[in-house]
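When the chains are written out, they are named A, B, C and D in that same order, and each has its own residue count from 1.
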Amino acid sequence: MITQQQKIRQECMVIVEQKEIADSIFELTVEGALTEEMSAPGQFVHIRVADSYEPLLRRPLSVASIDFEHSRFTMIYRAEGRGTNLLAEKRAGDALDVLGPLGNGFPVDKAKSKAFLIGGGIGVPPLYELAKALNKKGIETVHILGFENKKSVFYEEQFRELGDTYIATVDGSHGTKGFVTHVLDRLPADFDTYFSCGPTPMLEAVQAAYPEKQGFLSYEQRMACGIGACFACVCRTTKSETDYVKVCSDGPVFAAGVVIS
Amino acid sequence: MITQQQKIRQECMVIVEQKEIADSIFELTVEGALTEEMSAPGQFVHIRVADSYEPLLRRPLSVASIDFEHSRFTMIYRAEGRGTNLLAEKRAGDALDVLGPLGNGFPVDKAKSKAFLIGGGIGVPPLYELAKALNKKGIETVHILGFENKKSVFYEEQFRELGDTYIATVDGSHGTKGFVTHVLDRLPADFDTYFSCGPTPMLEAVQAAYPEKQGFLSYEQRMACGIGACFACVCRTTKSETDYVKVCSDGPVFAAGVVIS
Amino acid sequence: MIDTTVSLPGLELKNPIIPSSGCFGFGKEYARLYDLSQLGAIMVKSTTVEPRLGNPTPRVAETASGMLNAIGLQNPGLQKVMEEELPWLEQYDVPIIANVAGTTTEDYVEVAKAISQAPNVHALEINISCPNVKEGGITFGTDPAIAQQLTQAVKAVSRVPVYIKLSPNVTDIVSIAKAVEAGGADGLTMINTLLGMRLDPKTGRPVIANMTGGLSGPAVKPVALRMVYEVSQQTSLPIIGMGGVSNVDDVIDFLSAGASAVAVGTANFVNPFICPEIVNQLPEKLQELGYDKVEELVGRSHRLCVR
Amino acid sequence: MIDTTVSLPGLELKNPIIPSSGCFGFGKEYARLYDLSQLGAIMVKSTTVEPRLGNPTPRVAETASGMLNAIGLQNPGLQKVMEEELPWLEQYDVPIIANVAGTTTEDYVEVAKAISQAPNVHALEINISCPNVKEGGITFGTDPAIAQQLTQAVKAVSRVPVYIKLSPNVTDIVSIAKAVEAGGADGLTMINTLLGMRLDPKTGRPVIANMTGGLSGPAVKPVALRMVYEVSQQTSLPIIGMGGVSNVDDVIDFLSAGASAVAVGTANFVNPFICPEIVNQLPEKLQELGYDKVEELVGRSHRLCVR
């Protein structure tokens, strides 16, 4: 794991834009000084969705793209439960209590010339900033993105602008029918590094598909503090019987083969 | 007490207007069919200020004026605690969950020719619709209204249009310095009926000032259900050792001399 | 067709939704809002031998996602309940669960004996757990031996099945449940309120005149659910679960945890139409979850979690 | 000048604000956010003899105005705490309250003896009330005799004053408090979490892998406040109060109810700067209320409510 001691801030940011970009999928852009602390694609922020005790806890959301010039960043999330549905009600101009940046992102430097970016559902967003960063370094990126169905697909065009992009949908309503692994089965493994974010079964399938490759995976766990203090989000590791990592502060990105999920 | 079996409705009403009319005092107008059920000045509604478990309970607010023609009514309230402060954040166009009309209002028919309307602070609002109703019946109304200070005075002009109006402020920054009783002391008791709403000590002082007069007072109690089911809001009465009333459903208006507060 | 009926000792319920005692008076107020015959049953206000005036006000206070109450069992007394309240309720096609309270065993026995004779009373709920009455009540609910004796005494006189209402303010609720089971109870209702307090930070004074009160509402749901889950696995008595139920998902949770039916208290104050709303939503929710009958859902969490 | 200092056995606090055990790790994470020397004291994570890996995940679940946790006392074990965590904290001018957990009396004694030697440990907090560990812990907190014995055993070996952390999951918390007082405790900390549960309504499965968890946050504050109010009147031990403290008014409430200082747990997760924020707001709040010293406020509710 990579430990970057960036400064964590809590800021009352301003919402610049919020829009529904796919079925229940929202793109939310906020502005504020906290943006300046961001150090790598794949970091996340911890959002307080209401100034109320209900819902009580913050919600972790990945950073999907950063606009340092305007001190803005964008998140993409699915309005699913109580908290994210409340978040979806917010409008441009509203204030948003954001804690971050949190965690360590994807190690952009590890890729050599070509990378596979493999994402599933709401695991896709952090891969977008990652794709931009890799492209900037001259690394070719291929994007393999899985969604439920056509209506839930987002950012296809944006990814296409950065490299070859393959879409899989569970019901086959767009792109390949099935999971990202169905796409991967048919692609030559002509990359040096893969990066992946999505549901745990997907991460496992991806790791199993490329046991010999260098890979980095972003994990999810239920969180409370988001900063490493509460031990809510631990995972065991393959290092030893007693070794563990905290997804929030040691992760959420880990090298393939490290985390036992 | 007067028992009117009007229909109680729960309605998602629309906010037509909300504005701050004095220091922390808001005037809120809503529109919807529930208005049609209103039967007397002095009734109240029970407002759910947020679609959240926190704050949990509804807030009782009196009806300050009714516009049957447009199916609208107006409340005036002080943003004080958690719930009323949240209410104050709402804007025109927002929905508002209203339960009502609740309770029995002022018995307009009991006044003969001249009435004193004596209000304190956030007890003033229901007297406005009452004053309109009495005037409509040709009854002269005199308004004696008490406030904290000049900044918290509201509706002075509106009351003046309906009859003689005297203002008292605790700090003397507007009108007579002191309480409404200081004004009453100097006014001839040339009325047949008084109506009063305000803090309990004020209600007691008013009753004590006019022991011989017919009077009707509107009481406040902490409420849960607002409809008479939970026994939160009971007061003993002078009728017997074991007699009691529920402010929400038997009141909030009671004849002078009935309620032990 | 989704089958929402529930069969419990003394109670053939159309559906498992029951307004809880003390939150629904004797039904009159809610009858102005909707037809009470839609309800599974009604748990009426605790009844004592003599009329009770209850505690001084304020009697309620709001807390985070909950409320405190210290009504103090205000009720018109056995005679008036028998002569006025219960007969009035006969116009509705809904079984009544009469809630019995008292400060001595004799009190409970007297009320139970009389009230169980009322034609529309199909079951008794024995409130051994009211935290708001100084002279007693609570001790019955916190000591297994006393709870057992009281159960036996009430069972001996009741014409209808007896449900004991358990207090959550105990170290080991399972031991109380087992004791009342041994005492012959036909079922359990749980939970009553958690003893709590709110102060006014300005003055330091308790907001509730009685100083402490019973905590109810969504805040207590996790505690209630845990207790239903534990007790339902360790006794064979049917449970009417309650504590914070505010929507149809909460009903599903209590059934999953092992309750056979569910009572709704505080939520009536927030939304007075909540009970019929849940009744209407329940069939669709069951269908969504792939169940045909309410009873299939009862205790599904036990089967899922084998430690 | 407002005096926010508090004097307690072993503890001279700059102010009464203390992050609670398990919600603040060993301080490292929050030290990235602010200077820990601002705090009254720090209650560090429960320490056991051996390192513990804790429970499977998910370990936390949100509830209405609260949360459940079943971390399972994950900690690096006594040796690492002594060699790394506590020495690291020495750079801050803040007294440490070391939290001691275990499953047998011997465990508690071993940890207490060693950890009380650490130069910056000014007091021990004995966690006899963790609801999330199967093998024990909780029984120590629910049985007065066992609690008393454990207190004696720990007192016999501790170099610093001993505070016993009480469980709210009991019928009679006063009896436990009195027992640990008789056992020689120097103070009490209360409350630990209420045992609760959350289910997923879709599947019926508990959200927390451990099935049940400890409820904390604003939802439990009324229960905590009531317990502090009761216990503070019936023992002479100083109390560090906690349970849902989220703002400066909550601090006032706990002090009013009889706590001498206040711990903040769950609120750190909602606002990681909450402790220093409250520390800064406290003097003004006291002034507003007309008090010059924190200590004057302690137990003011007792004096106001004479039953």
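Everything below uses one rule, namely that a contact is a pair of C-beta atoms (placed from the backbone, for glycine too) under 8 Å apart; a residue touches a chain by one contact, two chains touch by 3 or more.
By chain, with names taken from UniProt: A, B = Dihydroorotate dehydrogenase B (NAD(+)), electron transfer subunit; C, D = Dihydroorotate dehydrogenase.
These numbers come from a predicted model, not from an experiment.
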Neighbouring chains common to subunit A and subunit C, by label: B, D
Chain pair with the higher count of C-beta pairs in contact (B-D, B-C): B-C
Centroid spacing, where centroids are CA-atom means, of subunit A and subunit D in whole angstrom: 36
Subunit B and subunit D: spacing of chain centres that average the CA atoms, whole Å: 46
Whole-Å separation of chain centres (CA-atom averages), subunit A against subunit B: 54
Two or more partner chains touched - positions in subunit B: 53-54
Interface hub residues of subunit C, defined as touching at least two other chains: 63-66, 217-219
Topology of the chain contact graph, where touching chains are joined (line, ring, star, complete, other): complete
Subunit B residues touching subunit A - in the complex, by the definition given at the top: 50, 52-54
For the subunit A and subunit D complex, residues of the former touching the latter: 5, 7-8, 10, 48, 53-58, 99, 221-236, 242, 244, 249
Subunit D to subunit B touching residues, read off their complex: 64-65, 218
Subunit D - residues contacting subunit A, complex: 22-25, 28-30, 32-33, 45, 51, 53-54, 57-67, 69, 71, 74, 217-219, 246, 266, 268-273
In the complex with subunit D, residue positions of subunit C that touch it: 63-66, 68, 142, 169-172, 194-199, 201-206, 211-212, 215, 217-223, 225-226, 229, 244, 249-250, 252-253, 256-257, 289, 297, 300-301, 304-305, 307
